[in-house]
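For reference, the structures are reproduced in the following blocks.
The same chain A turns up in both complexes below, where it pairs with chain B and then with chain C.
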Partner chain A sequence: MTATTVVIESVGIQPRRRLAVIVSIVIVALLVVAVVASPFLQDAALHQDILSASLSPGAEGHPLGTDQLGRDVLLLTIAGTASAIVGPVVIAVGSMLLGILFGTLSGYRGGLLDGTVGRVTDILLALPVLLAAIVIGGVFGGGYWSVAALLVVLFCPTDIRIIRSAVIEQAPRPYVEAAQMLSLSRRRIMFGHILPNVRSLVITNMLLNVGFAMVTLSSLSYLGVGVRPGSADWGRQISDGREIMFTNPAAVLAPALLLIIATCAITVLGDWVGDRLAGDDEA
Partner chain B sequence: MAWLLGQRLVGIVLVLFVISVLTFSLPHLAPGDLVRTLIGNRQVTPQLQEQIRAQYHLDDSLPVQYWDWLTNALHGDLGTSVQLQQPVSAVLADRRLPLTVALALLAFVVAVVTCIPLGVFAALRQRTALDTVSTTVALVGLSAPPFTIALALLYALAYYVPIFPVYGSGHGALDVLYHLLLPAAALAAGVGAMLMRITRTAMIRELDSDYVLAARGRGLSGRAVIGLALRNAAIPIVTSAGLVLTFLISGTIVVETIFSLPGLGQVLQNAVQYKDLPMLQGVTLVIAAAIAVIAMVADLIYLGLDPRVRSGRARS
Partner chain C sequence: MSALEVEGITVTHGSRTLVEPLDLGIEAGRCLAIIGESGSGKSMTARAVAGLLPRGVHATGTVRLGPHVVSLPASERVWSRMRGDRIALLLQDPFTSLSPVHTCGSQLSAALLAADKRRGRSRRRAAQRRADVAARLEEVHLDPRVAAQYPHQLSGGMRQRVAIAAALAADPDVLIADEPTTALDATVQADVLDLLTALRSERGLGLLLISHDLGIVQGRAQDVIVMQHGTVVERGDTSRVLHHPEHPYTRRLLAASPTLAAADRADQPAGETLLRAEGIEKSFDGRRVLRDVRVDLHARETLALVGASGSGKSTLARVIAGLEVPDAGAMTFDGASLPAGRAGRIPSQIQVVFQDPNSTLNPAFTVGRTVAEALRTAGRPASEVPGLLAMVELDPELAGRRPASLSGGQRQRVAIARALAPQPRLLICDESVSALDVSVQDQILQLLGRLKEQLHLSILFISHDLAVVAQIADRVAVMHDGVIVETGPTAIVIDTPQSPYTAELVASARAQSLTTEESA
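Entry: the complex of A and B
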């Protein structure tokens, strides 16, 4: 058993808390609204006004005060939601798709392909994701989406492994043998018959990956990798706002607390969906 | 056993080889003219360009360059920092590396000492208040980015209620420890959450198994039974060490910068900002190699813990 499966298993066992799930759904819904609204808020949020720089929370017209460039912290934080959420979702889905493709092929067909995929994932897994992303992203520069693409590559080995072992477990089952007997094409067996049977694992893993990707991407933007200076982004806001923590703590605390709340809500939802789907599979 | 050991050793050598090749090729793959990058802010003269080409053996073939670079690195020579014009290894060895190692170790010790017992307790008292509280705290520790937890702690315990220092690493052993406590606590939250959850799950599974029932039936004390179960539960805990370690080191790099601690994280961030490639290579090599080696040590401990693996039976 690999370390990753241990964590994923253990994530599923916390006491079912209806309240936590409902709160998480509300949080995620609000985040989605903020993501949809953020393109329309960019102009207002990035509006600089040096005269009203570093105002404390509660200043007139600025409930959370302003940062050192005089930008409204509340607007800036809402506008930064897109940067915090959209990338991680794309990373998780991209990494899941690669995981499905290579994991299923490698697990069902075995042989040389399996050996090659196995070695490559072994090596990629030995690289610490954040370190590799800082170094590669830092050296090659590139914007938000190149860093997101890099993270897809760094995230997918885990997905490939998890899906591969689930497919290997399914392969000797009677329904697969029956499909083989009917001489269905390998592609149809793999993606039409085996894949639906491992879907709960795939989806749970994808949801947990959204959380991991949020942590990684925000850490990167906090360190200044993959995000332009002056754009609306929570990580960026935290690194900029650290200088004015005394005059306006909200400039740092608003994005930091939102990151904590958002990642926790996503984990709770991931756990919950995982439990429900696992229940479906047993039934 | 010997065969397994050999296999692991070959694996680690392969991983270290790949890491070294990747690190070596960084400057060659980086966009822009390598000689110009290595000159940095200094005045560009044909003389200096010649000197740089000679110093980095840039006119040799790539395999020869790799070999030279690797032998130098193995002898502790990681090149010269472009930004600081000092040997990379000297910069790293002077406080940077020790500070990061101290912080990571402190966080690890705090996490192990508090969270493994907590995981065992949570498993013994399932669905009680303690279990609920600890799983909720673990949720935050496991989900949230370590640097946000660090910020929250920094604000609460250094700004709002000024108990701890805001930044810096202090002087003298005790003062350094005092400066490192808050960052270590922030890091331990994430690592501890992982350890606690893994311990809790493993303990619940072990306590449910037949041998525990048999031991209880034979009248062993509660304590002895927990000891038995804990030994088996230790296997997944140790197996997850690689994951925990990666989390710990990645976290350290980021959390350090929140507290303005002059460790490897700060060096890494500066090197990225100034495109200081030799420095970047040095830091990457040191961190990646350290992670690979410690992961292997954890693997060996695991081999020692599981008698089935030790005797070479079972497990494919």
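Entry: the complex of A and C
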């Protein structure tokens, strides 16, 4: 019999946060537009105008100038959005799918399976993501998608652990035992009953991982892993642009700033969506 | 002079009023009880008087503590001078109100030192402090050795005694006890209440006792206030309120309070044995929770399993339900062997109604989906959902709702509907009503009684509360330390308990239930 009436209601989000969320939504919407547009921009962006190599910003026809190969920085940056966003989204979704599968199985069934999954994630977590990606990607000479696949594997241990502990917390609850009393299959209990109750965690974590994967993937292409030289990619642009930093700083700053802004916007959005869903779950 | 006088106290949360303007007064050495169900505003009143409202909740009014007047809302600085020295709050849950990483002695001595500091006295010396701590522990009938122990090494009752000693460290004039025994086992509840009563008269303490249970005020409080939906519906002298209640709500509350009077069920024919469990053994981490337990449950009977927490009653229920696999023992159901664990069982044998209405239903599912799924396991169509909801006396319209928008009683009814969907022979109710308000508890018990007749169910009813058991059970099995110490028809066990433990249980239940036959 709870004596203390709980009177904590959802405190409306503060105006400052509301602004941050709205700005983030706008940014993410623009990014999505850029992603959709970028395949059509590739040709124009990669077009080299040898005569006008490394122009500073403000040059006629090139608001952000051109890079060392004489390509328009603005177009190149927009065209690079696809490579900056699509890969990380795929990585985050893929690693979350693995996280849901192994995290739920391992958390609900326990025993040998849990032990095995636990040890494998321990080993994967012990690997420094960037270093492992450089070594493996370097040795096998993987392209963009094989590096993304590698990152899925390297990212999933955290997801597995988070889902596993959430499932372990849910498993002894009476609603789960009531499902057991109805002799429902284990699969039905795990994915039909428990999973919907950890969805806020799943979505938040996935969105936060998108930001994390963007930084990782760009770092790798900065280091020359994954992306073919000369293709439109923010990490690649930052790396190449260093040489002409003083002729055209925009060649480095444009993709770098966009990377920071995009990561922040997705992270803010991830937090917000997570809080919303968590509120729904408890309300 | 009054130890505590409260004038026109109002508690609001945003635009919602939780407590309508309320006056109350307690003289030194007397006890005032505030009785109400959840949401009645009784706890908020108590917290407002102690200046400990949750964030976002505000109070206005005047609190007079002896010579001091606090006009609300008051700053934390004003309150910090009042709390401890003038007024202290004892909380419901002794499991969380003490710090788990400090010994009981160091928590008590911290409270003593804080009182010294507030009064500008010099620090007590270590030896003096130890002696004081020992004296304080003795005052609450605890061994001074408890000082060296951590809260987790103590039982719930002992912890609550430590919490009482800590609340009284600065010798306040007024003690507010907010449901001080609700989290405790039945056998120790009466002891803690008696201790509070003794301290009240020894120290001339003004005691404000907050409870959901009208049963405990008898003989302990001189005055009673009954609250409902934030307003006082009745107040007055305890025996007058108990014996000549004026407000219909008070009358309803009194009628709903379970008494120890067991209904006469002598003419009930004993059915054939439905479930038999023999030689059940279960240990957790080397601790034997069930020791060679044997239970027989007849068809169409309600057998209650009574015992304190840790007695093994829930574990036994879970073994029977198949949610726990026993270390040893055999079970038969309807003449056939019943496998241990859930594998090999079918839903139409046994179903369970769990305790906590907050987590018994899947929060992500609507009521309709929960019930339809249970129906499907028995091959019944989802079109039977409205009928099943009507059977547990719920509006079929609720099928579209999620558990979050239902009351505790409604959730428990849905849980019963889900359990009945596969048409089980045996229904296990594991403390199914103990988290509910008294009036709701009464309704659910009556519903269970009707359903049992209507569907020819057998019920295994697990409870710590003998008064509830008396109301519903045909037979009682009393569990203590993993052993069934006594079994028999409810009325006989309550009237002539054979084992000492049962006698203790009955005595403590009697001390807390209303004596209905008395008319003042």
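Everything that follows uses one rule, which is that the second predicted complex is superposed on the first by the 267 of 283 C-alpha atoms of A that agree within 3 Å, B and C clash if a C-alpha of one lies under 4 Å from a C-alpha of the other, contacts with A are read in each partner's own complex, and residues count from 1 in each chain.
Here is the rule we go by: a residue touches a chain if its C-beta (ideal position, glycine included) is under 8 Å from a C-beta of that chain, and two chains touch if they have at least 3 such contacts.
Just so it is clear, the structure is predicted and the values come from calculations on it, not from any experiment.
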| item | value |
| --- | --- |
| Per-residue touch tally on chain A - higher for chain B or for chain C | B |
| Which superposed partner A:Gly138 touches (first chain B, second chain C, both, neither) | first |
| Which of chain B and chain C A:Leu184 touches, first, second, both or neither | second |
| First, second, both or neither for A:Arg242, with chain B first and chain C second | first |
| Touching partner for A:Pro128 - first (chain B), second (chain C), both, neither | first |
| Partner chain in contact with A:Tyr175 - chain B first, chain C second, else both or neither | second |
| Which superposed partner A:Leu259 touches (first chain B, second chain C, both, neither) | first |
| Interface residues of chain A shared between complexes with chain B and chain C | 1-4, 7, 9, 11 |
| Residues of chain C that touch chain A when the two form their complex | 13-14, 18, 38-39, 41-44, 47, 54-57, 92, 178-179, 182, 210, 212, 321-323, 342, 345-347, 350-352, 354-356, 359-365, 373-374, 377, 404, 415, 418-419, 422, 434-437 |
| List of chain A residues in touch with chain C within their complex | 1-5, 7-9, 11, 173-175, 177-184, 193, 196-197, 199, 281-283 |
| Complex interface listing, chain A residues touching chain B | 1-4, 6-7, 9-11, 13-15, 122-123, 126-131, 134-135, 138-141, 211, 214-215, 218-219, 222-225, 238, 242, 245-246, 249, 252-253, 256-257, 259-260, 263-264, 266-268 |
| In the complex, chain B residues that touch chain A | 11, 14-15, 18-19, 22, 26, 29-31, 127, 131-132, 135, 139-140, 142-145, 147-149, 151-152, 155, 159, 194, 197-198, 200-202, 204, 236, 239-243, 246, 249-250, 253-254, 257-258, 268-269, 271-273, 275, 277, 280, 284, 287-288, 291-292, 295 |
